[in-house]
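Note that the chains take the letters A, B, C, D, E and F in the order they are written out, and that residue 1 is the start of every chain.
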Amino acid sequence: MNRNVQTFLGCDAQYGRADIVLFGAPFDGTTSFRPGARFGPSAMRNESFGMETYSPYCERDLTEMRICDVGDLELPFGNTEAALSLIQRRTAEIYAAGKRPVLLGGEHLVTLGALRAALQVYPDLCILHLDAHTDLRDDYLGEPLSHACVLRRIWELTGDGRIFQFGIRSGTREEFAFADSHMALHRFDLSGWAETLQTLGDRPVYLTLDLDVLDPAFLPGTGTPEAGGVSFMALLTAILQLHKIRLIGCDIVELAPHYDVSGASTAAACKITREILLQMKGA
Amino acid sequence: MNRNVQTFLGCDAQYGRADIVLFGAPFDGTTSFRPGARFGPSAMRNESFGMETYSPYCERDLTEMRICDVGDLELPFGNTEAALSLIQRRTAEIYAAGKRPVLLGGEHLVTLGALRAALQVYPDLCILHLDAHTDLRDDYLGEPLSHACVLRRIWELTGDGRIFQFGIRSGTREEFAFADSHMALHRFDLSGWAETLQTLGDRPVYLTLDLDVLDPAFLPGTGTPEAGGVSFMALLTAILQLHKIRLIGCDIVELAPHYDVSGASTAAACKITREILLQMKGA
Amino acid sequence: MNRNVQTFLGCDAQYGRADIVLFGAPFDGTTSFRPGARFGPSAMRNESFGMETYSPYCERDLTEMRICDVGDLELPFGNTEAALSLIQRRTAEIYAAGKRPVLLGGEHLVTLGALRAALQVYPDLCILHLDAHTDLRDDYLGEPLSHACVLRRIWELTGDGRIFQFGIRSGTREEFAFADSHMALHRFDLSGWAETLQTLGDRPVYLTLDLDVLDPAFLPGTGTPEAGGVSFMALLTAILQLHKIRLIGCDIVELAPHYDVSGASTAAACKITREILLQMKGA
Amino acid sequence: MNRNVQTFLGCDAQYGRADIVLFGAPFDGTTSFRPGARFGPSAMRNESFGMETYSPYCERDLTEMRICDVGDLELPFGNTEAALSLIQRRTAEIYAAGKRPVLLGGEHLVTLGALRAALQVYPDLCILHLDAHTDLRDDYLGEPLSHACVLRRIWELTGDGRIFQFGIRSGTREEFAFADSHMALHRFDLSGWAETLQTLGDRPVYLTLDLDVLDPAFLPGTGTPEAGGVSFMALLTAILQLHKIRLIGCDIVELAPHYDVSGASTAAACKITREILLQMKGA
Amino acid sequence: MNRNVQTFLGCDAQYGRADIVLFGAPFDGTTSFRPGARFGPSAMRNESFGMETYSPYCERDLTEMRICDVGDLELPFGNTEAALSLIQRRTAEIYAAGKRPVLLGGEHLVTLGALRAALQVYPDLCILHLDAHTDLRDDYLGEPLSHACVLRRIWELTGDGRIFQFGIRSGTREEFAFADSHMALHRFDLSGWAETLQTLGDRPVYLTLDLDVLDPAFLPGTGTPEAGGVSFMALLTAILQLHKIRLIGCDIVELAPHYDVSGASTAAACKITREILLQMKGA
Amino acid sequence: MNRNVQTFLGCDAQYGRADIVLFGAPFDGTTSFRPGARFGPSAMRNESFGMETYSPYCERDLTEMRICDVGDLELPFGNTEAALSLIQRRTAEIYAAGKRPVLLGGEHLVTLGALRAALQVYPDLCILHLDAHTDLRDDYLGEPLSHACVLRRIWELTGDGRIFQFGIRSGTREEFAFADSHMALHRFDLSGWAETLQTLGDRPVYLTLDLDVLDPAFLPGTGTPEAGGVSFMALLTAILQLHKIRLIGCDIVELAPHYDVSGASTAAACKITREILLQMKGA
């Protein structure tokens, strides 16, 4: 009789044979407003069974790939740095095994752990950042390790010109000014996406997708819903072009499933994740 | 003192004088993922009182028509075939009385009951099928009578070329191939709608509307929300052309009202139903 | 140690120094269908802390303005006229102090109280009315003071040609006919907005924004969600032109926050309110 | 084909043949804190179908009685006195037809309408009042017609010594003093119930049951949950003795079903209503 | 790196080494009123992580036992007999391997599948049945395989005197009469429990626990909440005596977790399951 | 015109004149299972307006006391020690001003901040600890500053014999052994309460009330509901004896209001807080 193994839809390859490794970081310890992103990964696994493995958009099927879902990290609430170190270590192990990581958050700060590891392997990587918020504060109530500061911390590791932001529609005046000076900032929507992908060429790229880039109409289940975002189809259209670049890792963060009891937010997150995984097929 | 009669908005004609008969099939016994479509008809009756009988879109009023809401069938959970037979019998009675049926689901399988009866009366009818899902599996976990198979069962009754699918964005690779071979499949949205209506000319047409053809932004209250659907206005625009064809019956299925506590899904379903009824005025 | 003062985001000027005074009218005593608009103002204050004071749309910041939130009126449920009088008195006090009022509802009837006061000061003011519903009934179950009659009551004060309606998509045949005769009625959406603003020139204008003008996809948290409305971005685009006219007061009504547990409706209402306030900067 | 008649469980006698007439007063227009009691009657009808007509407690069955549910009154929100008059008129009609009324609220103020009529027929009736709250304010924010004042208004009609209160655990110091002077006040629980019934002998008695007399553990679905109430079994035990007195009418009020999404509150209200009806069998 | 194995708390023994095997039957296909028991097993696994493995009541720890959770059966909705057969087969396999089954429902009908297998091994077993409902209908809307008939079906296999019912407080007059004739019926509560256990001596006993035996105050998350039930402590006290008998299998059914968003129902179900498992230690 | 000051019911004394100072610590940063206690203080302020200031239990009124609610601390999520320091500092200020603190949590760890300050002033104080959980782990996933360790940390400051635990029903075997050795542990309920109060005599006592000591039937709105707790009336009865001891401070923690949408949990927490405050009157 089998053990009760739970994975994200179709991600049931054995670890040794997998090209891509999916894992969850159920952490929202610095969320200042409304917590709940910690429930994102398990909700996505549970609800992904309502979805097909086949995509009629790109005409590929998850069953034709080798992806292993290794489950969630156990992260200590109350010690942010310890949590980030565990995420970094897991990401580094995946790279060391010659595989690519796909991280399910959790709040956006988890990206910092993954990128610390990715930058060890690909010191010149670029970052595609989709988000409603700039996330460029220097500190939040005195704390430098906060979801509100994560892109600032990452910029400290990469320097200017390596981060491409899309969909941003909330931040302080100072954050917008900082983004204009140090990043490629695309306000409000995804215009400039195709050009950016072309610019990136064959450089290694890490995608960090804060799901609140979507309008709350399409994804109300997130901690800080920000009206005026992109539609699901606009995001999907952008995702469907990712096969043109060299994606060496990614994360999907800030699904807070309990705020959308309809399950539609989780379903949308699952579908976007499926499409991202399918775009990683050939790389 | 009056009895406490509950009807869908404005559908209070006496049965004998009615041209159109509305009834509910509160059945979701084969729903594999998330049940609740059984609550659709009663929710629609309750919430329709927040809506006007007049449509500013087509400038008609439900009070100018003769529609009788006869309430819900009492269907046995656990015996799918018995439930379908009861739906078939009720539909046949309505046709025998020279009236047209409008069926409120329930899960999509209820359509099979209604179409068995409709095909007795109109052996050459065509079917307009709006849905997010192909519903073309041959069986689901061994069961041929499943919501996931309903269009396949119907195709077995009609044969090729009689079913026109719109909005489909989820299914297996095999289902999409099957649809391409045997149906007129319009992927993702409603493009081709006007041409299809023209093609149908004055042939008898049955409309089966799975409400999940709508994007979950507009109708989160359904069992299997599938992102990337059509907007409410796109659907409404399509509906407003139905007076051009000869609609001999229809169903509106898969509202699962409890998944949308805001009531907006039920309100949208009521409004679409009102507009469909108003399009049936002249026919 | 400070007192626990709660204000809408950034509206913490002292009353004496304020140019704009924001207050709440938590009244929904005539709501016939689904109550809850009474909880709108407190929800907006609580949730506005998830939002920035800076707008990247108009590049202004609430902290650069002088706005005082004086909290909510205490209104007697069960006595509609008494409630309206208290709203009228508060509005009159604000005008008497040389300030402009911004009223958070509550149901739409609260607008009548504010406009009675505004018309004392600006007898020739015009009214921009955004709404899903005509609100032009002469009475509702015999009651003339009802949310369903509020624009009719206001029209009795202003006469023809002073009210400009946008987004209207629900009403009786008679109400639409009345609107066509006595108002500038823009059905379904915001087309004609720019022309209307130009027409208004420098006349004093009062804006009454029933949030259900938004499609329920963007704002499900309202008492009577009416599908087929405008998108958040369409509304925001219209709002961003308000600096072109002379806005002497406004209200934002019919947020019923409990119907949207995701908080997205309240967040959208807060963002629209922020943008309206920022448009009032220069006037 | 039948019309879609909805009744409370088993209350489907024809009006002419009925001994007891049940009707709903879906009014909560003076509710100052959290509205929703207006949804009580329809929720009870819908949910009563999950319950049996037979009671193993008293070994009687609703099908052995003749009860007619005539549905809900249509009451104007915003005009309290008009609503009360309609309730009074309906109650008077029932008495005039030689039947006994059972009123489903709605907020507690609806009792005033029913009692005005009952006191016309039975000028010497006594009142059993179960409640968490004294409801003895002279006015509430200046309004004498408020749920918070309903027993005070009734006392003005009956005078001292005719009202027996049980379960009361909330009120002002003044209200408790008033109750001690003018009523038979039983604080906190139902002690003294049996003695009171004995005292009442064969005098006509009206029962007004505010469901918040139950502890919120047993009935969280009410507008003002007040901890420290009686258990369901304690209330049921009291109800099961009602056959000993001459019950000439009753109401069950303040179920606000939406605050308890489990449905357990509505189910408890239905069960209590069934047991009260069964106690009225022989009278 | 490990696979993502999910088990009920502490039930992580390897199948081969286990004494007790826990499995889920997520089936609610005959539920006539409110579905959702299908979500019981997965909710219990997810939420059991908020609970300790140690019980201060019996001073035992799950980690000192060898229990294997093999996950959920995949059951076809729409084919009741097929679902029962799969449950029967799984139960039989467990007995064949010399282990004892613990089944998590699912609706109560799943018990029939398990008992068919148990009766093969222990033809003389007795049944402890805790429930709010008699479940003794001969058929339900014509269907013999229904949750409302499950004890009747089981009685057909065991004959008179082998079934001991506790807590029963809902049913038809006929069902209560049937129970009085053919079973040991303990109405309303658990009185007679200790005597019954003594009577059972060392005969093999199967326990079927419908969680709605609990009062809805303690477990609102069930399909048909029935007021007037036993308290959690009363049930726990009864459970803590089970070590005195020879328990050869059991089930815990009718948790419908979504109806209790607080999670308290699921937590109570987990705790009761933990205590039952701990009582099975020595047997 | 007044500022919009929000306080817990009746706690509107000026700081300088207050004897008791109430403040909130909206922190749940170490909550490992289900967050949300951060919303406790604001929910209690909002909902306390549904409650009277007068208590019929002790016949006192909050308006006869001088209590100042100074609102919530702004605490940095992600830095536990910083949050504790801010709580400690606020508590110390209150003591320095000759007043007594009442702290509304937040998670239970906030108690550590308050007690560090209280022990500076009253080095010999004793602690009354009501809780479902031992909270005596030495660390949780390596972290010593966790809600699961708070009483262990406090014991390190007080040593043996100063902590009196009541209602405890969950913990590891080791935690129970630790409690038996170092504390006065009262398992499961409040037996021994009166004797303990007598023992305490006139020693300074700090009360820490984890609301999950209540059975989830009475307070489902908490992060880790643990069945088998005490009833509201049992807790209230215990509280009503507190005037017999010298209470120098207290906290009420672990209300997570969003898990109980009925509001009954928040209402119960408010009522308990009112009664505790009233017991502090004479001290």
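Definition applied: contacts are C-beta pairs under 8 Å (C-beta built on N, C-alpha and C of every residue); 3 or more make two chains touch, one makes a residue touch a chain.
Keep in mind that this is a model prediction, so the values were computed, not measured.
Path length between subunit C and subunit F in the chain contact graph, taken as the least number of steps between touching chains: 1. Shared contact partners of subunit A and subunit D comprise B, C, E, F.
Interface subunit E/subunit F: under half of the residue numbers present appear on both copies, so the contact uses mostly different residues. Centre-to-centre separation between subunit B and subunit C, using Cα means, comes to 38 Å.
Subunit C and subunit E, compared by their mean Cα positions, are separated by 55 Å. The multi-chain contact residues of subunit B, meaning those touching 2 or more other chains, are 215, 217, 260-261. With chains as nodes and touching pairs as edges, the resulting graph is of another kind, matching none of line, ring, star or complete. Working note: touching chain pairs come out as A-B, A-C, A-E, A-F, B-C, B-D, B-E, C-D, C-F, D-E, D-F, E-F. Put simply, subunit A touches subunit E in their complex at residues 1-7, 15, 21, 42, 45-46, 68-72, 93, 261. Put simply, subunit E touches subunit B in their complex at residues 28-32, 35-36, 38, 74-80, 82, 109, 140-143, 145-146. Across the complex, subunit B is touched by residues 33-34, 168-173, 176, 187-188, 215-217, 220-221, 224-228, 259-261 of subunit C. On subunit F, the positions that touch subunit D within their shared complex are 49-54, 56-57, 59, 61, 215, 217-218, 232-233, 236, 260-264, 267-268, 271-272.
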